[in-house]
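Dumping the structure here so I can ask a few things about it.
Letters A, B, C and D name the chains as they come in the text, with residue numbers starting at 1 for each one.
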Amino acid sequence: MASVHFRDVRKSFGATEILHGVSLDIADGEFVVLVGPSGCGKSTLLRMLAGLEEVTRGEIAIDDRVVNEVDSKDRDIAMVFQSYALYPHMTVRENMGFSLRLRKAERAIVDERVGRAAQILNLQAYLERYPRELSGGQRQRVAMGRAIVRDPKVFLFDEPLSNLDAKLRVAMRAEIKALHQRLKTTTVYVTHDQVEAMTMADRIAVMNEGRIEQLGEPLALYDRPANLFVAEFIGSPAMNLLDARLRRSDGAAWVELAGARWALAAGAPGADGQQVKVGVRPEHLRLGAEGLAGEVVVVEPTGAGTELVVQCDGASLTVVVHGRSGARPGDRVLLAPGPDHVHLFDASSGARL
Amino acid sequence: MTSMQRWGLALLVPYVLLFLVFVLYPVLYGFWLARSPAAYAKLFEDPVFFRTVVNTLVFVVVAVNVKFVIALYLSGFFVNTRPWIRWLSVLFILPWAVPSIPTIFSVRFMLNPEWGMVNSIIFRLTGADGPNWLTDPTLALSMSMLVHVWKSLPFWTLILIAGRLAIPKEQYEAASVDGATGWQQFRYVTWPSMRTLYLTSTILSMIWTLGDFNSVYLLTGGGPADLTHVLATLGIRYIRLDQLEQAMATIVVSMPLVLPLVWFMVRRLSRDGTQ
Amino acid sequence: MKSIGLYTVACAVALAFAQPAAAQEKLVVWFTKGFYAAEDKALDDMVAKFEKKTGVKVELSRYAVQEIIPKTVAALDAKNVPDVAFGHVYDFQVTSKWAYDGKLEDISDVINPIKDKFLKNTIETTHLWNDAAKKRAYYAFPLEQQTIHIQYWKDMLAEAGFKESDIPKNWKAYWDFWCGKVQTAHRKKSGKRSFAVGHPMGVDSTDSFYSFLTFMDAHNVSLVDANGKLTVDDPKVKKGLTAAMKDYTDIFTRGCTPPSSVNWKDPDNNVAFHNKTIMMTHNATISIVSKWVDDSTNDKLKPEEREQAKKNATELIATAAFPNKPDGKPFVYRAAVKTGVMFADAKNKKRGKEFIAFILEDENLIPFVEGALGRWYPVTKSGVARDFWKNDPHRLIVHNQFSAGTVPFEFTRNYKFTVLNNENVWAKAMNRVVSEKWTVEKAVDEMIARIKQVAN
Amino acid sequence: MSWKKAGTEARLLLVGIPVALWSAFPIYHIFLFAISSKDSAFSGALWPAQPTLRNFGAVFKQEHFFLYHFWQQMWNSLWIAATVGFLTLLIATCAAFAISRLRVRGGRLVMNAALFTYFIPAAFLAVPMYKAMSVYGLLNSSWSLVLAMVTLASPYAIWVLKQASDKLPWELDEAARIDGATPMQLFRLVYLPLMLPSLVAIGTYALLLAWNEYLYAFLLLSKETNVTLAVALGHFLSADDSPWELLMATGLLYGLPPAAIYYVFRRYMVGGLTAGAVKA
């Protein structure tokens, strides 16, 4: 097990730089998720760690060893691919034992470790099958088994669940998490799905356009997104964002928007008259007697709650209500958040105030 | 990365050596042999030469295209899954697998106007004499082309079968649902998917056909009266006449024919690389 | 493991590249593949004897007749030639040209001491001009020779209702007889689509030019004078050529030869003869009957097949001379002397010359020539004197044809005629007439133009 | 429904029967000669009056002097064709792997160079090739023919194998590299097994090319005991009087091994030969 360090890592393809200096320290045993929209550079970062892409500038270290010039095979890492990349001409047993075979491990040891991994992943019954004879979830498990058998310093996952159906994805999510809790192997996990990131990570690095926008524990990111990008990206349904003007008077602070005003908490930052973006998570908007006026256009019951889409002066807001809601499309409602749940961002830079 | 490059280079070495030693050197040597302008003067003086160029063009353009239209059609036939069609495909491949000398000679005997099997069948059925298959220049060249088609059709059909098998079934299902007729399915589903393969194969076949020596040499020997030569047999004829320079000059002269074809192939290939 | 495999292969290739150490003195000899087992055996015996006598290892390769020239041309170009080479078509196509270009070794020191044992016409054709060295010398050695004969099925003639004695001796009557009477009668009686004459006209054929030039001889046409200068501008020559061409193509136009004969290669008249599509053919050896002679003693065949072969050879097939010339004089045949050569680039000239001298010794040469069962005629006086040439009716005819004296081919005086024969301007002119319906005069004009273009 | 089915079947037969006749007839004609006796071969009949197997006996027992070395020459053909198949595969696979999977710099150039080979039709390259072999001292060794045929077969082989390689998922290589495979282990343990169908097909292609070659064979080989059967068959064309029935019997026997090879490997052929060429 090991720690992983990225130090001002850059990557260019030709003249285009796609990673602009990423620094990230991952502690021993930590589960870090790199999340971001496609093209943000998260996979490239992972592949550089795996040794599949060259590092243009900067340093990547595993423990104290800089691995920039080290071949993949000598980095002691294991990787699970989105497509699983199982060897089609090998049985499950051979697939899982392949890396040990390459290291000329003794037969008994290979069998022992493959057996153990199979047990962990509940694959004993399938050891003699070929990948084509397995279901998607089973293949996914074999791919993980192949990583486990290695007992590597670092596990790398490259969107491992995106080829599975929704239900299986949830189940596998839990399994991977459980596996990590059991093995405590340092893990770097790449996904574009923020739910996966939230549920699995010890820490999340949200990436955008070749940079890490914010790094932190899942709930910290949820509660205090550092900028508009993170605010919009983390959380589902996404945070509602509105243009507003910050007002301050007599120690009270509020935002003005479309003729309504929302009170802010006492310690709210920002100057009077400042143009801001106001963010409120859907579950923090309340239907009440005062606030922003709007018209309900969609009502979506999800069972545990109800999602409303409310049209307010050109903006469309999502509201999540616990339990059932009596609202009907066409109803006119007033919306306001609790003062502690309003996020303020600078209108021009997008940074959290 | 570096070890990949190192190994990659090492693995290229055998072919690069082979190329330098057995392609580049002989080709350069061939050009060197063909350096004398007198050889070209003599070549252009030879009345057989122009006829040969025309024959070669006809051979390459007509024979190859006829072959490919048939191959395209037959590839559609052979993708049908029936036990008897599987067996037929084994029979169908035989012309490609068996050597040229006995087969082409057998065709030559078969087409003999006096005692060959074809004309004796014609005689038995109609009571009339069959055509002089190999003594009429046009017919003889056509027969050479036919033998060429016979011999190489299976190979190219095989290629086009593979092309058809690679088309996803859903496309046909979608087309059927949309009410496409057989011809429309071909026009809008099969052909667009196979066009590139078809074109590439045609060009490659043309290049190979230019070097086809057996079909003409063994069937007509260039006769009657040297009217059915193609460049491949003409080159060998000059060697037989102890006129090596002229033989090599025919290579150089044939270059305008080959050049665009090879250029097309190389370009096709480059595009593949970037896909 | 892969890399080990790679290196093994690399080593194997490297080994193959390495020249084997010359442990034993070597002589490389190329010959045309024989037509009969006895020929090849005689050569093998000869080689074995030579090896025993000298201790030299002879590397003997045999090539099909159509391959030996391309093969030799490639070898000459690569300057990697055999020490001694013999090809049945060398004389027609290349020998005098190679001599002219200076590619051959002067072997006069081998030939001069034994010059007198050869028939004059044969040794003359190997005395060739070397334009590089500006001298005339023996640049080749003769091994055997051939001329043209007529062969016919006696039984088919009889089937048509004629006797052998009915065959006219006069030129025009002779062809009219076969073409008009025999063919018509045979077709009527047998109900088969038979042809009287097998008349080779293919471009890719030595038979066709041999036959045509014989027709030319019949009309007393000589295309070159004693110095090798062209005579085609002489109106008499042109008239004779036109007459020869007319006679030759008439046989086709009259429908007396199979339509396919315009494209015949050398074996095709034999094939048509054996399956009785044709009754008679002219052929530049007696290979047609020799085949049956060979079969009659082939112990691999069934007794009844041997019997039939013997019957064909002795009773059913006749070998005959040509009729008298149109002017009524007896025919003088042209002989082609089959030559072997040593190249200027040969590596082992000393042993090569020994080998040439050795194979020209009677005890070696005679079994080789006679191994061809009469197909090739000897070039030595002792060879022709043997009973072999008298104790068989077919060979006797051959012997008589040669004994009357022969004339050489044009190419012995003007090497460029090898090119004309090779291109086969003669067969091309025939094709102009019979396939493209040109007039004989126009075709002959085109032919003369080409002759002048090539051979002037 | 069944009417419609019968109609489809009839239409298929309408194509199938001519195809069968077209493919089989010249081969049947060879067979006919091979089972005819000397004198009945040229009768033009569809079936000989007295079929016989003696011609095959004569070939097997090397009874005719054109065939004195039949078994030796058959062996030469086999040896040469098999070696050509093997070497072509070795060289082309290495090159395709380097170009396609290791993405070696200059790979494209090598591909284009390989195609350049076809710039000169094979029949024209014969004499210069002879010269080259002479310079290398390879003349009259079967290696000269082997290497010449490998040269002619390789460009197509590389091309097809390269495109087939391109279709293998790239992640497999990455997975193997992370699993600790060296490029050579990747080649041997992952690449070769996955390329098997294409390899079999290309091997067969090269083997057949060498097996059937006539022009290069007669030019590059010399002694009767060294030549391939194709060259030996050429002897039949040279004589004024050839035993054609023996030529055809020999030809038929000569055609059997490649037909057998094709038959054994046929399930690989369609997919393998063209795995790459199909890419639209």
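Miscellaneous remarks
Heads up, the rule we're going with is that a residue touches a chain if its C-beta (ideal position, glycine included) is under 8 Å from a C-beta of that chain, and two chains touch if they have at least 3 such contacts.
Note that the structure is a prediction, hence the values are computed from the model and not measured.
Touch-path distance (fewest steps) from subunit A to subunit C is 2.
Among the other chains, the CA centroid farthest from that of subunit D is the one of A.
Separating the centre of subunit B from that of subunit D, both taken as means of CA atoms, is a distance of 15 Å.
With centres set at the average Cα position, the gap from subunit A to subunit B is 58 Å. Inter-chain spacing, taken between the CA centroids of subunit C and subunit D, is 36 Å. Residue positions of subunit D touching 2 or more other chains, listed in rising order: 42-43, 90, 94, 126-127, 131, 135-136, 147, 182, 184, 187, 234, 237, 244.
The set of subunit A residues that touch two or more partner chains comprises 71. Contact of a single residue of subunit B with at least two other chains is seen at positions 3, 14, 33, 115, 236, 239, 244. Touching subunit B in their complex are the following residues of subunit D: 12, 15-16, 19-20, 22-27, 29-30, 32-33, 42-46, 90-92, 94-95, 97-99, 102-108, 110-129, 131-132, 135-136, 147-148, 150-151, 154, 156, 158-159, 163, 166, 182-184, 187, 208, 211-212, 214-215, 230, 233-234, 237, 244, 247-248, 250-252, 254-255, 258-259, 261-263, 266, 269-271, 273-275, 277-280.
Those residues of subunit B lying in contact with subunit D across their complex are 3-5, 7-12, 14-16, 18-19, 21-23, 25-27, 29-30, 33, 74, 77, 80, 82, 84-85, 88-103, 105-107, 109-110, 115-117, 119-121, 150, 154, 158-159, 161-163, 165-166, 193-197, 200-201, 204, 207-208, 210-214, 231-233, 235-236, 239, 244, 247-248, 250-251, 254-255, 258-259, 262, 265-266, 269-270, 272-273, 275. Of all residues in subunit C, those touching subunit D in their complex are 1-3, 5-6, 9, 13, 16-19, 30, 32-37, 40, 59-67, 70-71, 73-75, 77-80, 266-267, 270-271, 274-275, 283, 285, 287-288, 290-291, 295, 300, 305, 308.
In the complex of the two chains, the subunit D residues touching subunit A come out as 169, 171-172, 174-182, 185, 189-190, 193-194. Contact residues of subunit C toward subunit B in the complex are 6, 66, 69-70, 73-74, 77, 93-94, 97-98, 193, 195, 202-204, 258-260, 262-263, 265, 272, 275, 277, 419, 422-424, 427-428, 430-432, 435, 450, 453.
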